[in-house]
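The structure appears right after this line, and notes come after that.
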Amino acid sequence: MSTITATAPTVSLQRFQEIRARTEKICAPLEAEDTVVQPIIDVSPPKWHMAHTTWFFETFVLQPHLPGYKLFHANYGFLFNSYYNTVGNRVQRDARSTLTRPPLRDIYAYRQHVDEHISQLLQQLDDDKAAAIMPLLELGLQHEQQHQELLITDIKYILSTNPLVPAYQAAPTKAPHTTAVAAEFLEVPGGIYSIGHQGSGFSFDNEQGVHEVLLQDVQVMNRLVTNGEYLAFIQDGGYTDFRHWLDEGLALIKAAGLKAPLYWLEQDGEWQRFSMHGLEPLDPHQPVCHLSFYEANAYATWAGKRLLTEFEWEAASQLYAPSKGNFMESELLEPAAATPGASGLQQLYGDVWEWTYSAYHPYPGFSKAPGALGEYNGKFMLNQMVLRGGSCATPQSHIRTTYRNFFHPDKRWQYNGIRLAY
Amino acid sequence: MSTITATAPTVSLQRFQEIRARTEKICAPLEAEDTVVQPIIDVSPPKWHMAHTTWFFETFVLQPHLPGYKLFHANYGFLFNSYYNTVGNRVQRDARSTLTRPPLRDIYAYRQHVDEHISQLLQQLDDDKAAAIMPLLELGLQHEQQHQELLITDIKYILSTNPLVPAYQAAPTKAPHTTAVAAEFLEVPGGIYSIGHQGSGFSFDNEQGVHEVLLQDVQVMNRLVTNGEYLAFIQDGGYTDFRHWLDEGLALIKAAGLKAPLYWLEQDGEWQRFSMHGLEPLDPHQPVCHLSFYEANAYATWAGKRLLTEFEWEAASQLYAPSKGNFMESELLEPAAATPGASGLQQLYGDVWEWTYSAYHPYPGFSKAPGALGEYNGKFMLNQMVLRGGSCATPQSHIRTTYRNFFHPDKRWQYNGIRLAY
Amino acid sequence: MSTITATAPTVSLQRFQEIRARTEKICAPLEAEDTVVQPIIDVSPPKWHMAHTTWFFETFVLQPHLPGYKLFHANYGFLFNSYYNTVGNRVQRDARSTLTRPPLRDIYAYRQHVDEHISQLLQQLDDDKAAAIMPLLELGLQHEQQHQELLITDIKYILSTNPLVPAYQAAPTKAPHTTAVAAEFLEVPGGIYSIGHQGSGFSFDNEQGVHEVLLQDVQVMNRLVTNGEYLAFIQDGGYTDFRHWLDEGLALIKAAGLKAPLYWLEQDGEWQRFSMHGLEPLDPHQPVCHLSFYEANAYATWAGKRLLTEFEWEAASQLYAPSKGNFMESELLEPAAATPGASGLQQLYGDVWEWTYSAYHPYPGFSKAPGALGEYNGKFMLNQMVLRGGSCATPQSHIRTTYRNFFHPDKRWQYNGIRLAY
Amino acid sequence: MSTITATAPTVSLQRFQEIRARTEKICAPLEAEDTVVQPIIDVSPPKWHMAHTTWFFETFVLQPHLPGYKLFHANYGFLFNSYYNTVGNRVQRDARSTLTRPPLRDIYAYRQHVDEHISQLLQQLDDDKAAAIMPLLELGLQHEQQHQELLITDIKYILSTNPLVPAYQAAPTKAPHTTAVAAEFLEVPGGIYSIGHQGSGFSFDNEQGVHEVLLQDVQVMNRLVTNGEYLAFIQDGGYTDFRHWLDEGLALIKAAGLKAPLYWLEQDGEWQRFSMHGLEPLDPHQPVCHLSFYEANAYATWAGKRLLTEFEWEAASQLYAPSKGNFMESELLEPAAATPGASGLQQLYGDVWEWTYSAYHPYPGFSKAPGALGEYNGKFMLNQMVLRGGSCATPQSHIRTTYRNFFHPDKRWQYNGIRLAY
């Protein structure tokens, strides 16, 4: 039977508190008004994220497992359920900006209330209870970490739509590396690879079902594609030459008038980019990101290369020990240029999620868990593409080699980028 | 030449301050989060209303007339212009919820800054300057009063979309009259009537151009149509019998699935209504409101009567001294039942705007003022219907016999209701 | 009581046959394939027009009044009802192109079948029956004439969407007048005018209810606005200067990218126009047509003038004997230039329908006839503007001084044009 | 290098003429009016299919290879190009119903003109020329066969939207088998399978790139899922139980109000189905078809099974010799019930295309051919699902084991059905 977590982990109170505190740290620079809007359906109000992750612990941990627990508010289940049909009715996804009430301070109170009861629960745990609760608690923390990344990308989008283009945080005083690193290609030899999660650590159901896959030889680029390389594609007429594009991608960029990645801005021949530090000149050595799959694939076609499959990526990751990644914890919140002189595959983890040419489908033997948690992943397994490796907005402890992220191919507001292969 | 104001009025500092303070009083019960959302395009964020009315004074009074005046913020012109093409680019009307910044406290500071400079300007005024400034100041206050009404209707709508259906204010401790008043019809005799504004008081350009109109005899209902009467229409199958409806109205209610006025809610055969006091049982003697023109006209057709024209309404208003009205200042913010035993035409002013069967077109001789203020009214003179008499959300000093309000016939979020004639 | 026809007319078999034959003559140049498509919702398939006018006679004349009449086909009532809710369900207006069957030849057979039975009915008529039937027959013929005009405008639109831009008919061998006629303005003096239909001839219910209207002095242009005059408006930047436009008109031309009237085409600085004779160079003296109300009104504003009201138009028509008009019977099917040296108001009838600044509302005392025929006009009395005078596609015997045509202000596919006043 | 065809085939004049004649036979029962409409964007007008397949031969064979060939009509390239950007501008896909001209008889003349010149070309062929032309001619015929299937599905859809629900052809006098065949599951053992086309016959570029794939053991159902089995799913509440559905599928059926496959009609508890023979009672043993992928997958989930991947299907097809299939040539044009007593996997070919849970992606090593023919398949390789095995509308000579058909998961108008596995 497939389960969300392979084994029963142990969640310490300290780790619980650290992860919960991080969410609030992410939201600290915001105005209350920033936390309520939903400029596009993909972007949820930050207030909603903060409440929804709390609702998750209340619904799946406290309600069933803490005797005598009283709901913080009778209606919050309706307000802050995301997509669990099993759990009942809910505010429609596109109506989350109707939630001007409860105000932000109530959400903080809600968080505190739930955190205190989780703390109380953890202090009275016997082994039997721990076996039941720990997997749920672990899932709740993994879920919270996913929403930390979404909080960052959603805040970035919300700020970008404001005509005042406010910065989320000041730019780092010491600028990141901006030296060119030559593109090289390293071989991942063909053969049978074991794909999917094994071992005792946490994993999601969608990466379980270890199975063997037969691969051909593939040459994989040593670093991510950069802004400068992508700009060359643009300047070569890349957005107007149909030969590079999948048909639906071409229709999309025509209909929407797209001419560059999200957050790029050209004025009088100068390119700028909206970042978490406000509008900045384009850094040519920074990895390109905020691209759709269509743009990533068009770039690869133009470059005479292709994207990896998710299996090739996982095989490459098994062969090449990754360099240290640029994750959320660096608090840069933007991808960083590759390091000159480094060997192996750089930037495999962190910086940007790498679009693969693999549809997000079930692994062999996949089956949904019974009940609400079975809705976590399985029902989304169509029309989306797998991304691998995490980004500069991903918590470091959240990512692993077998991790499968997934988005529709037109989505651009995540930190998604490109690695080439052939 | 048509001008916005017929003569140069004198605006006292006290009146200026009272009207400006009223706007802030209206917003006092709100959370910051309430002030930023735009659930439908018609409903502007309260924060935007507060800033836009302030921008009006800054742009049309302080900038041209206060030497050395410095803008509060260089971008606010772009952010808070509503629809004046003459003045330049602006945030699109449907993107007002992107303005999470500036935060609410900055808007209050903006209001204070402008108010202080208006105060300063008023204290150094010679006669020549007064002649130039007073009409603009008067227009600014009239404009602020219009937005006070919009603030009330928009706040009501915003709260109504919240799943928690919060009340704006507590219900009055003493309940309003709820005794039935019999419907009677009073004659307005045919003949030539003088229509349009004359005299020295303020008026808008759209009500100027006094002209004679020839009317036939008409019988006018002594009070507004009530919730109870409208409920009878619903219960008689009014929403499904095509014979009562204009063709486009029928298409609209079918497409939107409408079965009752806005804010009405039926559960298990009991009717409730969302009001500024939260959800309440339907009061049968309260005037029905939050109706489209289509619903008002369908009701009239069902009742074997018709709506008045705006000229008939104005003639009736000339003949029958109005009873004291239920305006914004009563702070009830909902229409009140008619008074038993009163004579003449009741509820002609206040309570609800009365839909007329008159298109909002220019009066003979109408011409737009040059410059930005010529955009105030003239460019909207198509596809909208005239409403007369003000509502429970209208400031009492803002309304008069010749006042022409106008909305598209499908709009329901204003306090719009029905008076019959034949 | 209002009725569709004021008195009982006598319809001769010859007139019936002539009008019915004209419909088929209009369709004679078409391919069967032309008769089935509906490129926009406004444009009905010609086959549908031919069947619907026939259904009208079958439903309202033969079924109730010819004993023993058998329906041509049990389903045609469902297929060819236009908008009469009273008569029952029907094919939705936007789905008329689903009617590939019955094929065109069946529609001709249907027409012949109904015509033969009408002929049979007319030959066995006693006086009582005639009194009941003649008004319906007359209405049926007036209705058929309305659809003749629609057939012409719809055929023009259908052909225009074809990439081959086929001509409906050859251009006339002798070119029409193309000499400039100077614009002059003739006075219609103010006073009380009697508006609406009286007398024994046919009229629609919407023009009945004779009533007096008080008008001011008005100066009326002696001819229609020409292509050349309108081109000057375009070349003066008319489509990009917001000051000329009603707000909704401006939004419309921006959203749709409109830069000229329908059927105008600019290539390399040369203007052409699609006509019933195919693509032709723009004739500067031909009346401009295929304009929206917004364009007509913007032109008038740019020219420092205005459009007439429908009452002014009718008063002008009472004072100035119209010159002979260019109607459908001339078979030119395009408006013709004004005649040099003519006196009075030219082109008042025929050539193009003249947009008025009058909403299409009920006249005082208007009431719908009971039953299906009451749906003919009344339910459309909102959001549409009145046009007067008929066009080059209007049958001459169909038009009169009091005739009220009506369309939404954005509609351009009719032969609608401009006369100025001030 | 990838090419459309692996080797140079020899196309005989007889085969060319037979395939071209079949297209016209398919269209013979149509009225001219049937051939011009496009009720949904997926469904092209039959006239367009007939012209487009002819344009293919003219553009890719006659123009480059028949010296002195004159185009039948200068504009037909613009009118009848489908999606080849390389070849130039074209009528937009959603505007094909504007092509009322050229009339059907001109399209027949066009076909005859091109056929005669192909015949002429084939009779003067030397070996060098044959090597260049034969692959194009073969591709043209394969393309024509694809459009034969589309003609059938599009005609079915067009007739189904007509309120008269006309039959395409009379029902066969001898009814097909309607005896129940028990569901059994046959094993396809795990191991390495060679996937993709090899050998000298024709194949498309999307099935080339033979490669080895590692499969697990899988149990495959011996026949297709039937109407009766699918009805049990419906009657068990299958369309309202979210647990069976992919999230986007659930949203789709809710938004569109879907409650059964396309062409199913329930009246008073009795199920009927629109077929090429008109409305018929539902046959419980006929394979279910006209389903979306979402419906197929929901059924499989409800049944506790799953769909095959395309690799499993191809492996199964290598192991089990297919029974004779029900293809276009049987002229039944509806799927037929399984044969009692047959062994192996029945209905693997013909009857209905089988949805697989494989995204339509490039095989390893896939590369687009240069020029226009490279646009044939490659640019569609996203967001679509692979279907295998052909249907009752597929020409028998067109299908093979490695053939990859592909449609978006929401498409229902093709003959698409279900085979289960576990």
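A, B, C and D are the chain letters, set down in written order, and residue numbers restart from 1 in every chain.
What we mean here is this: a contact is a pair of C-beta atoms (placed from the backbone, for glycine too) under 8 Å apart; a residue touches a chain by one contact, two chains touch by 3 or more.
Bear in mind the structure is a predicted one, so any value in this text is a computation, not a measurement.
K.L.:
Spell out the chains that contact subunit C while also contacting subunit D.
P.N.:
Output, common partners of subunit C and subunit D: nil, no chain qualifies.
K.L.:
Taking each chain's centre as the mean of its CA atoms, which one is most distant from subunit D?
P.N.:
Of all the other chains, the one whose centre lies farthest from subunit D is B.
K.L.:
So what angle, to the nearest 5 degrees, turns subunit B so that its CA atoms land on those of subunit C?
P.N.:
180
K.L.:
Count the residue numbers both subunit A and subunit D use at their shared interface, divide by all numbers used there, and answer same if that is over half, different if under half.
P.N.:
Over half shared, hence same.
K.L.:
What whole-Å value do you get for the distance between subunit A and subunit D if each is reduced to the mean of its CA atoms?
P.N.:
So the centre of subunit A lies 38 Å away from the centre of subunit D.
K.L.:
What whole-number Å value describes the gap between the mean CA coordinates of subunit A and subunit C?
P.N.:
Once rounded, the distance between the two centres reads 60 Å.
K.L.:
Run through the chains and report each pair that touches.
P.N.:
Pairs flagged as touching, ordered by label: A-B, A-D, B-C, C-D.
K.L.:
Any idea which subunit D residues touch subunit A in the complex?
P.N.:
Contacts found on subunit D: 83, 85, 192, 211-214, 216, 242-243, 245-250, 293-294, 357-359, 361-362, 364-365, 379-383, 409.
K.L.:
Report the residues of subunit A in contact with subunit B in the complex, numbered from low to high.
P.N.:
So the residues of subunit A in touch with subunit B come to 31-37, 39, 47, 75, 78-79, 91, 95, 97-104, 158, 161-164, 166.
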